[in-house]
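First, the structure itself, so that you have it in front of you.
Which chain is which? They are A, B, C, D, E, F, G and H, in the order written, and residues in each are numbered from 1.
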């Protein structure tokens, strides 16, 4: 392949998200406007018809995710984007997508909550909601970018994971990452690996829609492909038909979890800076990770042995990676734009290996490098 | 995943903020500035904030320009503040780097307690060129003499790419006028530490 | 002489699931048979039909039939249907909803689907009650009657589902009862062929719960009631409002032309698509 | 003669077929299942089949009825 | 007071809930039917008019909680009841009630999820959702009864806490507790302490609706009382007017949390059985606590030193109590009808003091005493 | 001669909040003044008025006026209003909603409130656009126009809010524009006095976003458009459907009697209450 | 809060399950039985389960009776199972206590592999008294001779409190008939360990 | 004479009052604020006041207008 030297382009985070979706093969967008996610919808309104895809503005967020799931069942890679209040409304359908194993991507550009909160201000308050917002036991995948490029990249990956595991994937983005502009170099069209949901290889007569092919992820035809099957939010047997039999229910729930958890090793996505000899490690994500990056640099300049782990996947929680960090650091610092959400998880997996320190801000403004630097200074010993 | 050693902080990083009221085209100005950075192949990060009142409230737009990767994409200490209203000036002064430069819109800002200060009649300039909405582009013009990383031609190209052609002419006039104002003002500046730093 | 095979067997999923879960005399089965009959008459390919329901007794219909079937969440069938139709316009998209499903929790999607005019044939099985959850009032429960959630009588007036669909913009609106099977067949047929949002209200009986509060003891009584209280659209035109009070007006109520959403979208694609 | 068949495995004894047969062809037996009492009266109108909520009744039309009203409900 | 010897009555859990609500002074119910919570609505439909209260069936669960919040603002103690799918739909309004500090009680009779799941089957799958279901940082109080009497009692207490702290309170109930019948002796009308929301004592001109009176809970007049004020889901200043000022936002969020957290000591509600010398302690709630109770008895009969902590409050998590247990036991066993939700919290606060063992079931059937007994036997050492 | 005090000052909360956040020429302020005027004329006590809004530009209205005010969630104002009215029937309950608020996300509550007939006076400020979020299409955006979310033109037909209210059962339905201030006053007055669900659609201008796509440059142009395109109900009766195409029919469209929900509930209480 | 010592397990606890099809009044029968316990001032816990098909599916209702606090409110090992259909019988047998008693509806249950078995024609009885829906009350009657904790009078009072007066007479007749059947059957029982245990 | 007062602090220069005054009493000044140019023509019809979205204009009626049309918009 001839390598073309590509030039930087100036993109807003939300624009980069759309670019990522297009590159991943997204061909259906349904949404409802809400600050600070609206740009994604508006750009999609322009881009979808150009790419032969479908854009539709629905009557609310519930309808938006309903349409997205429908379109995905009809074979299109589909997504929607919203913010806190709309994300709360989508919870029932997120559970449906999980249960019926319908790939789809949901962007939540977080704004300060609870409730209407501060629509234009910064927050990372929906981290736990993204994991636990819908009722009942369910696994979920949640990605969190910290730069415009990463928003692009993780959007592509969100589609990939969603297709690979037949599961809804959530992109949890803060207002800074969504609205800032950075220069990015977008990769060439074919340079990224794009994954597609597994398709049945057997003829329709042999197709058993929810039987485990070994990977935990049953092949998925599109409605209209000739594989007529039944999709439901009820507990179902391998054919998709409702069941209350414990010997059918239990394996289903088990499979929903293990299809993802068996790949935990593959799902440790992070960037590490200077962690090898770090006595204090910062664990951060989203725009806070950027502040932490600078703070760590500044601290190193001063001779402090500190490092940074920037999480790109928030859920499933990277127990493995974090455990390693906790084992090697004396202290970890978890700065967050909430009252402490990921820090709870860090504590959970900590098992008193080291001291977990938090730094929290909930007034709608960013955590600055100086604040992290100061905290690092305080706890460094 | 990667475990990188972070590079030194000794990289020039230039933080510019434009502040004013909603509707003054401040965010667009920030984007043009960032776009100029892109044209020059610099690393850039542009961000903005505004109140819930998108219309009429206080609005700011900032651009970080750098030769190397930008870790923190928002300002930490401003190298330059351009304030288009008195409120904007008052609110944003505390974020200045010591020795940084404040450029104010002399048509709207009367009181400023800052050493390194440049006053330019942006509104007057805009009116003169017959395009009252050119205040934001004029503001960009005033930056050129002070910001060593910034190339004038890149900036005008960026401006051109984001304006309808019918408005371009008047805007570029405003840009030039403000630039000339700024050049003259620079001569008279008592102290302009930050700019010197890079002006070699 | 060999046992004749019932037409439905061509379309049923597996006889293991039968008899179906609906109560004796429930109208849902009558509608289901009619739907199958019309689909069969039109020789639609099973592969091209997507049948979507919400939650409720009527929501259990799709599991029985061998189409692409989707049992969604309560009230939201039309939102999924919209996504499916737009994603693959070749598919024939049909929704089956209960009255509670369609116009209680799902009322908003109901009016928006009618307005937006995506080509979906919708059937509202109106048994005037929440059957699945045990006989509570629905928005179509008649005023004054006693239900599981209105022990002192229902204080709320009922919706006219068809008027709502009409006011919201549906291009085809019709009503039948499960007693009037032949009319039902005709209306299903028209709805399936309509290019746009088509709504058929199917007045049905919940023999277990609604019979009780309507003071109609058996399925037969309820269907007699349907027979005796129905007036055709044609006749209704000659009657006064007072005469029509409490009557079920059956037949085609609205049949108008408007380009459907997906047709328009296809034109847009033809114009804008760069691939 | 038209033949009306009832599949007891699915019939729920709702009486609908009995009540609405225009020719009174059907009656309930002692176990309450519908049963054909006057097969000769059956005109093959198919109303019983069409109204059975449980698909438990099927009418096998004779040649004559077929000519008049078509082969079966579905065709 | 003359003491009347009261007789047992046979009550279903859901009936007991209504009795508790009536005793607590509930005078407004709005709801939408859903298995297995419907009985609460149906009984309320009968009882509310008899007690001069208001019953209304709304068009969905979103509307139900909207009406409940409205009625509470107009001065009535109000509640609703639902199950998983409806609970997911209520999430936006739960956040609103939290932000606007409107007392209300929400019953979630859990059914097996996610999605439509197993409507008639047993589960404890909504524990984390009850805590984190709505967007943004917010505190919440969640109670979990394990018997019919406790359902009565905790319903009374749910209203009390809700009024005391001006916060939504959630009753998380499993299907067994909701649907079983037990003989209970209801206390006499005036024998229970019934709390009322703090009312302003100053004249309207002096009233500042969201100023902290020291307790963290501002007095709350009813609409129509002459204290005209503004209620919003936006971040607001002490007068209730929207603000983005960090010096107003931060104290608000802080107060929302501290008004409850300052009383953590008062909110350690549990029953302990044989915990004093226990080497293994079972931590359980809801119907599982009943099975655990029997299992612990049986184990003691066999000479095993085991005990049981039955949680009545799930959130805020009883860190204090559990930490005590963890410090004194060698192992804890957390049996749950989910894939492990409260056990995560136990691990979080554990700090490797002892081994945390889980026992989970998600097939819609109960955990039996024998299963717990067996596990106790296995891990006892 | 001393400065005359504007009537609104009796009702505004604090002049610190002014000028209000609405754009120059936005119609919301005109409606707000009319509402205050009518309330003043009727000498309602401020303590008895509860003013409820959803989210949107129009949703910002309550914060300015000195009543019991409630700014709820997007689309749900009527659900809160229902709870308030039933909990304390003495209160005069008023909702103010945007078009998106009332009939996009809130459409279901809108039709159910109309059906249920709880005594609430509802005002839908219809500016044919989502103002607050920056000019996307709403369900009342005219067909074909370009908006922030319909860069190639809106493919969806618009709702007739009043027809929807009527079909759903509202007992009072009327329409005015903010140009027709005197009519507006009269309709507000009637709605506030109606015993039941009253809906007034207030055609208003979003000068910042809707002006753009309607190709009307200034607030003045938009109000002229309102003036020139309006037809009174009385005149409309003499015109054909074709003549009325694209016209705004103003005046009282429905005014009928039906016992309100809370009146009936009060009778129920009188009968059943044991305390 | 309290930290109690749990009492010994040596308390009699009697577990009864009635199983059949939806619509047979099984849950009501359970409630009546529990109500009888309440009248006798026993500790009682009643619970039920049914499939999503409330109508026609399999349905069970159980009652625990005890002199002291009931810890676990559901059955662990059934002392008595009353099975009204063959399916119900087959499905519920595995939950029996060893030596427990199975009472079946002889009109519907043909095959049972259980030692301590009593067969009573509940449907026949119900038909005889002219109230086909009295099967559930008849089933309760059959319990009386076997369940030592249960007082016949309390049970008839409980039945009376839950039935419309028009249906009461026939139901009580069915109750008595079944009771007499059961008494006779008891004499013929080969082995009925559990009942003996308490019958002093 | 009727007195029309404009409060510049709140006026947003939308021109509505100017455009719709039936008597053309108002005009925009050089700063675009509405200003009274023909006070004598004002009939006290109050339309300017009622249509001002910003409550920035208030009409103080003279005795005569009061008699004819009532005291003020609100009363």
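Rule of thumb we're sticking to: contacts are C-beta pairs under 8 Å (C-beta built on N, C-alpha and C of every residue); 3 or more make two chains touch, one makes a residue touch a chain.
Keep in mind it's a predicted model, so treat the numbers as computed, not measured.
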{"item": "Chains touching both subunit G and subunit H", "value": "none"}
Apart from subunit F, which chains still form joined groups through touching: A, B, C, D, E, G | H
{"item": "CA centroid of subunit B to CA centroid of subunit F, Å", "value": "43"}
{"item": "Length of the line joining the C-alpha centres of subunit D and subunit F, rounded to whole Å", "value": "58"}
{"item": "Interface hub residues of subunit A, defined as touching at least two other chains", "value": "49, 59-60, 62, 85, 92, 96, 115-116, 118-120, 232-234, 242, 244"}
{"item": "Junction residues of subunit F - those touching two or more other chains", "value": "23, 71, 73, 104-105, 107-108, 112, 134, 139, 152, 265, 268, 271-272"}
{"item": "Residues of subunit G touching at least two other chains", "value": "51-52, 54"}
{"item": "Sites on subunit E touched by subunit C in the complex", "value": "32-35, 38, 41-42, 45-46, 49, 57, 59-61, 85, 115-116"}
{"item": "Subunit A partner contacts - residues on subunit F that touch it in the complex", "value": "55, 71, 73-75, 104-105, 107, 130, 133-134, 136-137, 139, 148-152"}
{"item": "Subunit H - residues contacting subunit F, complex", "value": "3, 5, 7, 9-16, 18-20, 47, 49-56, 58-60, 72-75"}
{"item": "Subunit F to subunit C touching residues, read off their complex", "value": "104-108, 111-112, 115-117, 139, 152, 155-160, 163-164, 166-169, 258, 261, 264-265, 268, 271-272"}
{"item": "Sites on subunit C touched by subunit D in the complex", "value": "1, 3-8, 10, 12, 18-20, 22-30, 33-34, 36-37, 40-41, 178-179, 181-182, 207, 218-220, 223-224"}
